Amino acid sequence: MSALAHVPTGSGQSASPPPAARPGRHRLLPYLLLLPGAAWLFLFFAVPLLQLAAASLYDPDGSLSTGYALTWAFGNYPTALQAYWPQFGRSFLYAGIALVLALLMGYPLAYAIAQKAGRWKNLLLVCVIAPMFTSFLVRTLAWKTILSDNGWLVGLLRDVHLLGPDGRLLATPVAVVLGLTYNFLPFLVLPLYASLERLDYRLLEASSDLYASPLKTFRRVTLPVSMPGLIAGTLLFFIPATGDYINAELLGTPNQYMIGNVIDSAFLVRLDYPQGAALSFLLMSAILAVVFVYLRRAGTEEVL
Amino acid sequence: MGVALLVLGYLFLPIAVVAALSFNRPSSRLSYDFNEFTLDNWRNPCATSDMCDAVLRSVQIGFISTVAATALGTLMAFALVRHRFRGRSGLNVLIFLPMATPELVMGTSLLALFVAGGVPLGFWTIVIAHVMFCVSFVVVTVKARLAGMDRRLEEAAMDLYASEWQTFRRITLPLVLPGIVAAALLAFSLSFDDFIITNFNSGTTVTFPMYVWGAAQRGIPPQVNVIGTAMFLVALLLVLASSLRGRQARRAAVTAAVPSPRASTRS
Amino acid sequence: MMARETPAGDLRLANLTKTFGAFTAVDDLSLTIPQGSFFALLGASGCGKTTTLRMIAGLEEPTSGQVLLGDRDIARLRPYKRPVNTVFQSYALFPHLDIFENVAFGLRRRGIRSVDQQVRQMLSLVQLDGYERRRPAQLSGGQQQRVALARALINHPQVLLLDEPLGALDLKLRRQMQIELKRIQTEVGITFVHVTHDQEEAMTMADTVAVMNAGRIEQLGPPAEIYEFPATAFVANFLGQSNLIAGEVTGGNGNDILVTAHGGRFSVPAARARTNRGPVHLGVRPEKLHLVAGAGQVPAGCQYLEGTISDASYVGVSTQYLLRTGWGTEVSVFVANSGAQQRFVPGNRAVAYWDPRHAFLLGRRAGDDDRTTPVLDEPVGASS
Amino acid sequence: MMARETPAGDLRLANLTKTFGAFTAVDDLSLTIPQGSFFALLGASGCGKTTTLRMIAGLEEPTSGQVLLGDRDIARLRPYKRPVNTVFQSYALFPHLDIFENVAFGLRRRGIRSVDQQVRQMLSLVQLDGYERRRPAQLSGGQQQRVALARALINHPQVLLLDEPLGALDLKLRRQMQIELKRIQTEVGITFVHVTHDQEEAMTMADTVAVMNAGRIEQLGPPAEIYEFPATAFVANFLGQSNLIAGEVTGGNGNDILVTAHGGRFSVPAARARTNRGPVHLGVRPEKLHLVAGAGQVPAGCQYLEGTISDASYVGVSTQYLLRTGWGTEVSVFVANSGAQQRFVPGNRAVAYWDPRHAFLLGRRAGDDDRTTPVLDEPVGASS
Amino acid sequence: GCGTKGAQQTEAGCVSEDLSGTEKKLAFSNWPQYMDVDEDNNAKRPSLDGFVSKTGIQVTYTEDVNDNNEFFGKVQNQLAACQSTGRDVMVLTDWMAARMIRLGWLQKLDKAKLPNVEANLLPSLRNRPFDVDNHLAVPWQSGLAGLAYNGRVTSEIRTVDELLTRPDLKGKVTALTEMRDTMGLLLMSNGHNPSDFTANQFDDALNKLKKAVSSGQIRRFTGNDYAPDLAKGDIAACIGWSGDIVQLGFDDEQIKFVVPESGATLWSDNMLVPNRATHKANAEELINYYYDPAVAAQLAAYVNYICPVQGAQAEMEKIDPELAANPLIFPDEAMLSKARVFMALDEKQEREYETKFQQVIGA
């Protein structure tokens, strides 16, 4: 993700390489800056994760009462994948669709806040995030109310025949995708806002002076210049959305369950730790793979 | 702008429901339908003392983790954007992975660490966990802002006797601030709203999401809606107040009538 | 998208006004710029030049007034629909595109496929061959300015707005670019509106020069006319330098107006007087003054001042002298370094004479004293 | 933090080199700038001026070489530890601070509490009183440049680096600012290193002028010396204009060197020749040429060329003529508009004469032809 | 050593200390809204306050049990390592209690200190298979899993088969994610006994469920969140819990609970004292207190689940005669005779059955 720093966009100076290390303590500076955060992540994330990595290779026949032996059971991976590939596919599919929806909504919003809102900027920014301060569950329950079979929305859609008379929204993929879109939208909007806020309006003027319609200006100037924010935003949206399971559980049916639901059940209900761990690592590597392909396509010279 | 308003509407839709229900006298504990208008919930927002304690605790945890995660993450973002050093790629994976890891996995594995280390679970283990999963989000958000910042301004500051620290404090920080604010907001909402990881590492401490989650098992008390609405309103009011105050201060300071910049630019 | 092919007609600004809050940047501006002409806009820093151009380009919405191109009011047309291009004072290069793509931007947006040749030609015109793949941040200030120039020029618009397009270039390159601009302008018949602080540039290139002051046009006309016979003290001292000597009109004899100043009596042809009564400024340009050692050397028919040389400064082409008069003010005199002239050094007594036909007469507010363009040794401080 | 009180001593650059990748921007530059002097750096766009200043300021790390202030090598000192301030070509104003705070920045960083008076004084010096609370984005280009100037000046550093500090100002304001700069420089004894494209500015203000070309210094010396007797063809045409006539040295008689060019025979005093053999350029500045109608009017001892006036262009102070010679090249002649001279129009036959003591002789690569600074009607294209 | 050690604890291997003598404290973890609350002052819990004032034991009451599995995840690391969870009493459902008993994670209670329990515990809740001696788990509340429907949306249903096949209910049916409750009903609908069944019988029942899922008859598997949906009518009928339906029935009498003719599952939530809890004696005092019929009635009046305390019904008459007559709170013999407790599973069975069940419900 250092890639972000070297996306060939942003205002001029970013194009020049970082300055050569200065002599003396300045060579140490990056390490000093990194130390607290990296140490924190290492200790509280990486170390526990190693334990999990080991767990994914435990003998699948172990049990809680007898304990597990590390038998390097790599077979856990193919087994898990074979059993749950539909959920895998569904996770990426739903997260992908939700991402597209979120982009369509989030970009204009971020743009408006960053460039058009003037002194209401901060207020609007908080408007984006404030819904997150009402608890997640409350929000989702509210969505259930809105999407309810007997609610006004379904009624309206039925009246305009967008939905059959027996059609419903709740407990369908639509509701799940909608829930994902809703819940992770701020993750997309905030980084986008942060990078659009910096956009120099003079560039937009220059572009429109050079015959670019607003659409072309967007495509040729705004978009590339906001690329770091866009990449960050899509990542912050897509990654957690792929691993999410609560939306599927509350707004969907078993037929919409995503990989997160499976992992949840493996760890908590079925107590199959090796499989749960294997699935987790499969998910992580799948996400990382998608992300790296994405970063390359996005034109970053350096991935990681 | 029109689209933006629509999207804001979309964001507020559930909040409107929540707000409406906060004035509801539910027909029973399990019902989530509007039944009868009442102000009781607002008059007496603490359904049980537990709930308000939980809200308070969540806010505290949110603040502490936000500050810590924002600080750590911002420093890392700076190091990553501004410096080349060995071990960069490894570090990037380390920053990336927490976002890609299912929360459940993070929650249980961290719990295992705490148990193994004999750390008593409670407020501070929650904070540790929250800082851990917020840091990545902060790093990515701040980096997006930092990438492409105009280095010439920092050079100018250095030229004007500002040491590295002063340059950071006076120039870089204010310019990166929108990114940091965005990151902090993100971190706070992540922390305030987190249930899964918190639940595993909380010991007997109860946070607001845990309370709501639990309450939902037996029907949600309408006061939860009050808290939800109130949190939303408080956030808005705080910002509104601060921006109004800023405006007044600015007004007082401006001698010549100076309009807002490029008030008339179109796009 | 826009009718590039049909000739656009004259560019007319009608009662154009722009206010920023309570501040009026452009104040009821009206003028006509004939199609295909080269129009130079001069004026003090902050007088509203850039704002005027921005309104023509459509980047700033006029508070009131019209912008007409031919018969079409384009004041409310979106910028990309106007056959107008701008070389921005701040360059506004796209940081995410390399030089080639920056220059190709306008062509590409108009859907032109094969831009390669045109871009290369334009880059070589601004002497940046080989820089195609650099990013703007990797260029020097002058190189960036040239990219901005190329980016606008390549589109051959009907109206080209140039906001100090050559300000960051050295004299030599500037001259070359001026030649190019002039050539393109005459060949293609584009209307140029050119903001510049380089007076020589304005004088040599422009068909018409307008001098702006605080949002308004003070004088407008062919360069030589404005230079030779300025309408106001502001113009007299803004375009080139002038010695303005405070005096009073004491009479006239039909063809000449008589002026008394500091005890001396002078005359000016009536045709070169903006007023014929009351307090006046008698103006003479420094290069119209000739220095001699004594009043005896003054040719017949010329008028003169006596004084002491207080400063001599060598500027290559010429030497600029200051002559302190009896009443304490200084008069500026330029003497070409043609090698033939007598040299003076500070302290010398000298006489500056001029042909009355080179003087001019401007109205003066009572109370105003002499005015001379300041020179290096004389601090001016905050007063403008 | 830094020893502002002790005099710093001379600024010396020793073998300073800066490369960007394979491109060498500054090439083994060595020079000494005496303490308290006013040093002007001239050079074509992209020749490395800004890069040199940035290395002195500590914003760019030299690839090799030293920057010495007195005896101290400061090349590796952090920028904020150097008693050096810069007026940036790109201004680099802090967008989030208002004008007042921009200007106060340096003082505040040095821990000075009561900055109010100083800042106001400085703002009024650059004629921006009343703009204290505006943001940079609300200022015009020239106003921004003045803020950049004020922001650096207020610190009274030991060395002040000015990168085209007045480029965006109109002539009048520029002159006033020049006066201020000069006053501050002499009063406070700051060493000024000044990059400018305004030749007059360089000539009048600087004690020493250095002409840079492609990362190297071509000539260095007092302005009059460089102007009157340039060392290379580049300098001759970069600083002011020169007519360079291709010829061959055919002999000499001790004091004079004889040159044959285009069939004509000319002479130059030996003291004004950079070479005394082989192919040469005979140089005469346009203002040293005088126009008369016929060879008969040429004074004794002068040398001359005959030709046809091909262009006359009025630039206010003077008129610039082009004389097309028999062999096809053009010679540039400046005639001051002092009112006394004869006027020529294109098509007229004319003779341009000069005093041999005003000519100079430069070495020439075989094959080079005449060189004249280009004029408006003659396209130049891509060749520089 | 790589891998993990077994989580199994023995009484000798994991000894707990009892500090009740010196510390008058008790940490009590319970499900939310599982404790009576003063109508006027939500901060007061009358029955618990009564205990505090009676015994002087300070109770730290935490509502942090939301889900058996989740809670297990929270405490399993500590209990497996024989560490304190910080809780003295926790309330978990019978099958989870069974798992913990199996793992040796609970402390034995001293029956001598539980005279009220000995005297008043409902007979059908005594000697359950996982705790034959009644010395490890004491029911807090219990309830039935059966059928429920919203009479506004659909007509009465009486059998599980109706629920799973009636066309007018298609897509408007939910079942519980709690395997024992759902599968118990299905087993009974096949005429099998959930207290004692074979793997084949389980598979038969599961196939029946699977059909209903793939035909789209069943819309979701739920926790408690079916209740609002049922009230709204988004779902017409479901497998649900008696206590919820009692509550919904208070304001909409069209919402009805049905004990299917084939039988309902009886479950209970139990008070448990985990290993390394340091206030066992205090806990016993609390357990005993809640088996006082008067206290039990006070609790039942609020909670509305089946009260496991004999004699509470009589006390309830004094508080609210209507509730006292409600068979879903104080079930009659006929109803209890139809109720079955799901059999205790060993670890292997548990994993096997859960995995199969989870596959059907989608995860």
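Quick notes on this one:
By letter and in written order, the chains are A, B, C, D and E; residue numbering begins at 1 in each of them.
Methods note: a contact is a pair of C-beta atoms (placed from the backbone, for glycine too) under 8 Å apart; a residue touches a chain by one contact, two chains touch by 3 or more.
Model, not experiment: these values are computed from the prediction.
The chain with its CA mean position farthest from that of chain C is E. Of all chain pairs, the one linked by the largest number of contacting C-beta pairs is A-B. The distance from the centre of chain A to the centre of chain C, each centre being the mean of the chain's C-alpha atoms, comes to 57 Å. Chain B and chain E have Cα centroids lying 37 Å from one another.
A straight line joining the Cα centres of chain C and chain E is 91 Å long. Multi-chain contact residues, meaning those touching two or more other chains, occur in chain E at positions 70, 73, 225, 228, 232. Annotation for chain C: residues touching 2 or more other chains are 20, 59, 78, 90, 95, 138. Residue positions 32-33, 108, 112, 148, 150, 152, 213, 216, 256, 258-259, 262-263, 265 of chain B are each in touch with at least two other chains. Taken in their complex, chain A has these residues touching chain B: 1-2, 4-7, 9-14, 16-18, 21, 29-31, 33-34, 36-38, 40-42, 44-49, 51-52, 105-106, 108-109, 111-116, 118-120, 122-139, 141-146, 182, 185-187, 190-195, 197-198, 201, 204-205, 208, 214, 217, 225, 228-229, 231-233, 235-236, 239-240, 242-243, 245, 260, 263-264, 267-268, 276-277, 280, 283-284, 287-288, 291, 304. The part of chain B that touches chain D in the complex is made up of residues 150, 152-153, 155-164, 166-167, 170-171, 174-175, 253-256, 258-259, 261-262.
Per the touch definition, chain A reaches chain E in the complex via residues 54-55, 58-59, 62-70, 87, 141, 144, 148-150, 166, 168, 170-171, 250, 252-257, 261-262, 264-265, 267-272. Residue ranges of chain E in contact with chain B, taken from their complex: 27, 29, 31-34, 37, 42-43, 60, 62-67, 70, 73-74, 77-78, 81, 83, 86-87, 223-225, 227-228, 231-232, 244, 247-248, 250-252.
Within the complex formed with chain B, the residues of chain D that make contact are 1-2, 57-59, 78-80, 84-86, 88, 90, 92-96, 105-106, 109-110, 130-135, 137-138, 151-152, 155.
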